[in-house]
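Please read through the structure below; I'll follow up with questions.
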Amino acid sequence: MKISARNVLKGKIVSVEKGATTAHVKIEVGPGQVVTSAITNEAVDSLKLTVGGEAYAVVKASDVMIAVD
Amino acid sequence: MKISARNVLKGKIVSVEKGATTAHVKIEVGPGQVVTSAITNEAVDSLKLTVGGEAYAVVKASDVMIAVD
Amino acid sequence: MKISARNVLKGKIVSVEKGATTAHVKIEVGPGQVVTSAITNEAVDSLKLTVGGEAYAVVKASDVMIAVD
Amino acid sequence: MKISARNVLKGKIVSVEKGATTAHVKIEVGPGQVVTSAITNEAVDSLKLTVGGEAYAVVKASDVMIAVD
Amino acid sequence: MKISARNVLKGKIVSVEKGATTAHVKIEVGPGQVVTSAITNEAVDSLKLTVGGEAYAVVKASDVMIAVD
Amino acid sequence: MKISARNVLKGKIVSVEKGATTAHVKIEVGPGQVVTSAITNEAVDSLKLTVGGEAYAVVKASDVMIAVD
């Protein structure tokens, strides 16, 4: 499957924390660069996400803001 | 200003393309890792975004999806 | 590629309208049910989206609201 | 009230699962087509959402991605 | 129609700027407080949005970030 | 830090409710106008958000919908 989302960053899962309904998954996409994702517990189970596994952080371009110092 | 968004990736602006109302800004946040952002033309002007400048790509955790092969 | 987004609706592309930077793509996902998507022109080109083609509308659960009469 | 969101899919609520703060509500919008929504528990109470009730899944066009095989 | 989105701010439209596909609509929701919205041109036409009209800015809670100085 | 998000509404925190992973923070941005935000518990801790503190509600223009009666 190819997706229209412009941002697909490959990395390794460094943490999976399930809540009551919402889980937080962290992926290291570069040295010292960790991306945090909030998804459903259901998606964690469906994709069998576990620490150490390879995964992609996917973000639609319209969800990316820019900041400057 | 500190923001609740969990993802703040530092990089260098590699392209700024203005449309009629919406601009696309690309930031290289790591070697070969380019993040694409769709923001208003107004924000590009307000933040004086230009190619070569330092900037951050900012993404709320709830806007990050996870994918696996 | 499997994605965490909980909503993946299969359909047929019924319209592709490119703007200066942002395109609108409409997919019929059921009889009389058309889903409208706003994505980058770049994604339209990259995925070679054209009228009549099969495609999926993909939506993260946290981007779905509920309304009642 | 009329809303700018381009996607308003009518259906029947098939599940309501409250978490600590975030609820997951599923709506069947067509035969075999279930849409999952993550909203606040507060919204579930305010709209009195219950299984079997009629409801709409509402999605802004800029939150819809497109994928192809 | 009642919607799950927790934020519905009433105001007056102070500007409508159509682009090629995406429009920017500004609503004054309080003295000196202007909210900017990016929606489809199609929605502007469908809702007949014009300067001076009353309207609501609607935002899902999961799309609101918090910042501090 | 300056951010591209067009909507930055100043106010006072009136409630902070942590869930298992997701917190709800409410900010009064004008007389009787309360904005609800859903962010990670982690962000609440990182920004030391507490009732009575000053804070900003930040929303990207593409996440604002418009509604009319």
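Letters A, B, C, D, E and F mark the chains in the order given here, with residues in each chain numbered from 1 onward.
Everything below uses one rule, namely that a contact is a pair of C-beta atoms (placed from the backbone, for glycine too) under 8 Å apart; a residue touches a chain by one contact, two chains touch by 3 or more.
In UniProt terms the chains read A, B, C, D, E, F = Molybdenum-pterin-binding protein 2.
This structure is a prediction, so every number in the text was calculated from the model and none was measured.
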Subunit C and subunit B - chains in contact with each: A, E
Validating interface symmetry: for the copies subunit B and subunit E, is the fraction of residue numbers used by both over half? Same or different. different
If you match contact pairs by residue number, which of D-F, D-E or C-D shares over half of them with B-C? D-F
Relative to subunit C, largest Cα-centroid distance belongs to chain F
Roughly how far is subunit C from subunit E, centre to centre by C-alpha average, rounded to an integer in Å? 23
Roughly how far is subunit C from subunit F, centre to centre by C-alpha average, rounded to an integer in Å? 29
Counting only residues that touch at least 2 other chains, which ones in subunit B make the list? 1-6, 19-22, 24, 36-40, 42-43, 47, 56, 58, 60-63, 65-69
Tell me the shape of the graph of touching chains, choosing from line, ring, star, complete and other. other
Touching pairs of chains, which are they? A-B, A-C, A-D, A-F, B-C, B-E, B-F, C-D, C-E, D-E, D-F, E-F
So in the complex, which bits of subunit F are touching subunit E? 3, 5-9, 24-25, 27, 29-30, 33, 35-39, 43, 47-49, 53-69
Sites on subunit C touched by subunit E in the complex: 17-24, 36, 38, 62-63, 65-69
Within their complex, state which residues of subunit A touch subunit D. 1-5, 19-22, 40, 42, 60, 62
Per the touch rule above, subunit B residues touching subunit F in the complex are 1-6, 37-40, 42-44, 46-47, 56, 58, 60-62
